[in-house]
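By written order: A, B, C, D, E and F. Residues from 1 in each chain.
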Amino acid sequence: MSAHLPILIVVVPLVAALVVPLLGRRTPGVAHAVTLAALIFALVASGLVLARVVVDGVWRYQLGGWAPPWGIEYVVDPLSGGMMVLVSFLALAASTYAWSYLLATDPGRIGLFDSLYLLLVTGLLGIVATGDLFNLYVFLEISAIAAYALLAMGGDRATVATFRYLLIGTVGSSCYLLGTGYFYALTGTLNMADLTERLSGVGESPAMAVGIGLIVVGLAIKAAVFPFHGWQPDVYTYAPPPVTGFVAAAMTKVSAYAIFRVLYFVLGGTPVAASALVFLGGVGVLAILAGSWLALAQTDIRRMLAYSSVGQMGYIVLGFSIGSPIALVGALFHVLNHAVMKSCLFLVAGGVRWRTGFSSVASFVGMGRRMPLSMLAFAVAAVSMVGLPPTVGFFSKWYLLLGAFEARAWPGVAALVVSSGLSAVYFFRVLERTFVVSDDRLVATESRELPAGMLGPVLVLAAAGLLLGLFQQPLITHVIQRALPATVS
Amino acid sequence: MTLSLEPLAVVFLTLMIACAVAVLSVRDLLAAVVVFGTFSFFSATYFAVLGAVDVALTEAAVGGAITAVFFVTAIFRTDRGAD
Amino acid sequence: MNFAFGSPALDAASRLMTPFILMFGAYVVMHGHDSPGGGFQGGVIIAACVILVRLVRGRAGGWNLSPETALALTCAGVGIFVGVGLLGPIFGGNFLDYAALPLSLKAGEVRAVGSLAIEIGVALTVTGVLTLVFDALVEARNDG
Amino acid sequence: MVRLSLIPFLALGAILVAAAGGLPPVGDPESPPATHVSPRYIMFGHEETGAANLVTGVLADYRSYDTLGETTVICVAGLACWLILGSRSRGDKER
Amino acid sequence: MDLASRPLAAVLVSLLAVVLLPLFDRRPTVRETITFTAAALKLALVASMLPAVLAGQVIEGATLPLVAGLSLHLRVDAFGLLFALTASSLWLLTSVYSLGYLRATASTHQTSYYVSFAACLSATVGIAFAANLLTFFVCYEVLTLATYPLVVHARTPEALGAGRRYLVYTLGAGQVLLVAIVWAQSIAPGAEFTPGGFLAGRASTATLGILFALFIAGCGVKAAIMPLHGWLPAAMVAPTPVSALLHAVAVVKAGAFGVVRIVGYVFGVDTLRATGADIALMLIAAATILVASVRALGEDNLKRRLAYSTIGQLSYIVLGAAVGSVAALTGAMFHFAGHGFMKIAMFFSAGALHTEAHRDGVRGLDGLGRQMPMTMTAFALGACGLAGVPLLAGFIAKWNLGVGALEAGHVVLVGVLVTSGLFNVAYFFPIIYDAFFKAPSGQVREAGWPMVFPLGVTGAAALCLGVAPDLGFHFFTLARLAAESIVAGGGVPQ
Amino acid sequence: MGEMAELLSIGTVQYLQAAALLLVGLYGIVARRHLLRKLMAMNILQVAVIVFFIALSAKSGATVPVVVDEAGGIDVAAYVNPLPHALMLTAIVVSVSTTGVALALLIRIRRRYGTLSETALLDKLRE
């Protein structure tokens, strides 16, 4: 079966998702075990596929045995392979966390939750693996609808926020679909590789520009890139922690991946893509500044993290825009950094809220003593978000900054520096309360540390944040640098 | 089908636009749903005119029937008032 | 939804029509290959039939497709689809490659059998989900 | 203010109108969609998939993986509705 | 253990302590044992590299390759070893002192105190051994983060304010430094510290000038060059051992170390002369020396007065770097050790006065010289040394600085040095006079041995280094070696 | 004016109409206050995209893509392009699924807040 690994990575979670709701009713434990098993399979299989792809080059898999462009193909290269590993790793971490959380809050719905969670993962993995524009749309919608349901579990406010997200998200995916339609009209194909080939025969036209604009805007809405981030803060604030921890980390990154894939691989080198990238650069700078500034103004920690994500997406988009090898390494490395660290931050913030019922910045006073290990993880992730050594966030920022310098992109340099300063302010505001400000009333209170099932994933993510930074070299040389498009490196 | 159907297609599209505007502007929500059903019906016809029978069939079943039924159910479950 | 529109005439009409609607649904599923239609459309028709009976006779009318059953039906439908797809790798082809199925038929016909199987899966899913969603939307009032 | 809020829509409209000129005219038998991938479906679809209805042929065979995705979407929607409405949860209150 | 793995081991040994210490949160004895063991091991490791370095060898340490030609790389040269020796020997003494001080003040959060302390020392030795700008920066920022918990140790609103101020200054400067480093990186990819600099001729004079300004702004905050010194007096709210560490060893010296590294190993003295930046740096340093001396006179709190003294003394180092002749550089580098020992002796004394005599001001110390002879003698030795009295450590540095300035033709600077010495006398002498020549007013006893022993050792060291500057760790030879290699320039280390 | 005439030619006008439909849908999502109405506007938006794709499938003089007679070989020009049809079947299903989930959300919103009007809802949320 190892010849079919690329498809099995997507199908196994799907099959598990079909079994889990039926199991969940009577034996939630078995259901969750199946969920974890499927996710572990996805992680291991992604790892194997990535290892093979790194050695042997791109792995194409024809679904239904039909050769592209007539059939749909899966294309796994170091970029998509790496993303698959990342997505399944985050999914595994957040799902492990979810068990303890749901058992305590909502045991009756574990089966349904796990099922939709697996479908969300299926959707994201499908987006990453596919080599077909329309197939990407279908999996985009699978992940989106599953995410709507999961996000709405957070309660009444979450429902309202999710409905808004649903409307905006549908506009986004419709934009994407329409853009796909434009390219279909111009080339007659939906296969990405074939499209690249056929586009060389098609001259520049406004239709092409509009097509790329629609695709990028559609995906930017999904990725919550400024100024299309309007849906995001509310959704992240009110959703249940295990969901936010995964959605905030993985879903937006997968959309960012899709933008990268389209602009660099499908349309790489065309003038239209180039001007789209220039435009994205401006957007990225504004996003960095606006996100950090707005995060500064928040009093709820989850909302602060949400706005921080807006800024961090700006880093990634800025890196894409600069487009030199070093900047792209920085952007992709930042995808990794932000995914892992933001997941950790949201999981801890959610855990604090679950334990204490509060989530305002002010309520973090003395938390360092009550939940020492979780807060340590939080601190590591926060330091990484600010971009201070020796965490992974410093190195991704370093590469981005180096790329910006080499490209003489001064606004980018300025934005990166200013945003580091701002994020230092809003994160240290929290850390100071957590560890330094002491509240005498709290000294007597018992420890409120998270249960092992929730603490474990959090600590693993934080440790990843430290280790990936220092031992980045194999990762970057073997995966990220090979993931760059041929036109760049 | 050698007959040129394009003018007909344009006519149906025009009707669709009119219905769409009406959906957004009719005061009563239930009326809006009815107009929405009509909109789906016109779009199904448009698809049929262009030779997309499968799509037409599905659109009629989904847009005209299921979605409309869902909307009506939802309106009865919620409220009927205007904006 | 426990109430019913139950007038005797409606009841009789629904009893009369049900088999025909179901048969038509099945026909649409099966004949998607040669005429417009297919699993989705057929599934919609079957679901419409279930909902119709539900409306006329209420829950007690024997067509008690409980949410659990509907859920199982839904998952089973997708399961059939994936299962057929996985037959490909088992018999040496790619995922969803019906041509690999060990049937002594012409290539096109083997593929037709494969696609028919997945259409049935689609129909099951659609039927399950539409009744499930209808249930969910209708039930919503009872404790609202 | 109402007038002002129309501006982005008009701008988008202008962009879409400008782009329409670059697209192949509706019904053009020489357009890229009509001449690239689809001819194979029309010429050999019946033979290769055994379906006289070419749409079904494409849907259930050439691009059956999309259809798997479509079915999954339906399934997700069903599960989602059930999760949102079907079962109630405790502690839905948001502070 | 072979030579190549010792630099990394020296960094890691205190990191190991960081990991171990929290496990013994409730067992002070184990905690202190770990701290001492780590400190002693660290000093032993660092000192064990001395013979090789004195023989002119440059020890290549561990390399952790990154991408784009970059790596995290440790390398031990004479200058780095000088700094590392100072830091690790003072850590050992400070640990002993902390034991007494924290017990005497019944301080809380002791675990976090020891952890942060150990982390600080790892970062400091990392800075000393950094072979390139990236490694330097990584350790530099870790030092910032590790010092913060020490600054806010008291958890009072005042301490929190000082902590915030400290972070704003140092993190802000960190960003500036990061920009400068990235810029240098894009000019000379993957370059490592080279005696004589690696930027010479790689960019236009104007670019180099701006770049140098950014570098100095980045390092100048920690080195407390005026007007970037604002955090330092505020940080005096920290416990005395921390102040001692901040002021004499780790933080400010890291900044000064950075300035010298940048002048001598990134730009090169000749390049700086070409851009005219050396004169600018001299002016800033001279101004800082004078202004800080005046401000010190006006401070009544003993620790704050010491803080301003530190600001002035650090600028000696900057001044030496700016002058850039062998003698001036030797003087500047020797001042790392000399000032370190003298200033820490004074802080230790101030701490002993705080815990035993409950005096924090510069007045009311009447007669304490008789009641606390060890404490006040150490204080006096430090003060005289800083003022530049011959036969004490400070004199060696000043003498060399003065000779260097004369060699380079900057006669004015000699005047600055002399003036500053006079100011030193002016603000320290009254304290010594009160302590030794006035009658005591109450019953005060000498502090316990954990406090007296370190301050005695450091006071003695201030004297020894003045009489025999090469005694023990050969600080003078190390400084001389480093200075010569910089001036010889261009020589790529083997 | 030549360009204008070209734009209004029968071959292009359907694109313009699809664009108009798209704009109406988008405007409805943004400007209407009632959430159900927004949902309908969303459906209109999705139909606009479907219209666009189906317009791409059309061929003058061609018929529905159901092969009736293979005897004389198949003329590609005789059948409309089946690919967009297949794609749009999927898109329609996606749109109805989204609508279903959205309605479920709406019912819950209504159950909790007693209104589906955005203005009233915002007032309640602000409390």
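As a convention for this text, a contact is a pair of C-beta atoms (placed from the backbone, for glycine too) under 8 Å apart; a residue touches a chain by one contact, two chains touch by 3 or more.
Computed from a predicted structure; not experimentally measured.
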**Item:** Assembly fragments, chain A aside and the remaining chains unmoved
**Value:** B, C, D, F | E
**Any chain that touches chain F and chain C** = A, B, D
**Request:** Treat touching chains as neighbours and tell me the shortest step distance from chain A to chain F.
**Result:** 1
**Chain whose averaged C-alpha position falls nearest the assembly-wide average** = A
**Message:** Counting C-beta pairs in contact, which chain pair has more, B-F or C-D?
**Reply:** B-F
**Asked** What's the chain with its C-alpha centre farthest out from chain C?
**Response** E
**Asked** Taking each chain's centre as the mean of its CA atoms, which one is farthest from the centre of chain A?
**Response** E
**Request:** For chain C and chain E, let me know how many angstrom lie between their CA-based centres, rounded off.
**Result:** 79
**Asked** Rounded to the nearest whole Å, what is the centre-to-centre distance of chain D and chain E, using the mean of the C-alpha atoms as each centre?
**Response** 67
**Message:** Need the CA-centroid distance for the pair chain A / chain B, whole Å please.
**Reply:** 37
**Request:** Would you pick out the residues of chain F that each touch at least 2 other chains?
**Result:** 10-11, 14, 20, 22, 26-27, 39, 55-58, 60-62, 64-66, 84-85, 87, 89-90, 93-94, 96-98, 100-101, 103-108, 110
**Multi-partner residues of chain C (at least 2 other chains)** = 34-38, 40, 71, 75, 78, 82, 85, 95-96, 98, 133, 136-137, 140, 144
**Fill in**
Which chains touch? The pairs are A-C, A-D, A-E, A-F, B-C, B-D, B-F, C-D, C-F, D-F
**chain C contact footprint on chain D (complex, rising order)** = 46-53, 55-57, 59-61, 64-65, 67-68, 70-72, 74-75, 77-79, 81-82, 84-86, 88
**Request:** Would you mind writing out the residues of chain C in touch with chain B in their complex?
**Result:** 36-38, 40-41, 44-45, 48, 130, 133-134, 137-138, 140-141, 144
**Prompt:** Can you list the residues on chain A that touch chain E in the complex?
**Reply:** 326, 329, 383, 388-390, 394-395, 398-399, 401-402, 405-406, 413, 417, 420-421, 424, 428, 432, 435-438, 470-473, 476-477, 481
**Fill in**
So, in the complex, the side of chain F touching chain B is made of residues 10-11, 13-14, 17-18, 20-21, 24-25, 27-28, 32-34, 36-37, 39-41, 43-44, 47, 50-51, 54-55, 57-58, 60-66, 80, 84-85, 88-89, 92-93, 95-96, 99-100, 103, 106-107, 110, 115-117
**Asked** Which positions of chain F touch chain D when the two form their complex?
**Response** 3, 6-7, 9-12, 14-16, 19-20, 22-23, 26-27, 30-31, 55-62, 65-68, 70, 74, 76-77, 79, 81-87, 89-90, 93-94, 96-98, 100-101, 104-105, 107-108
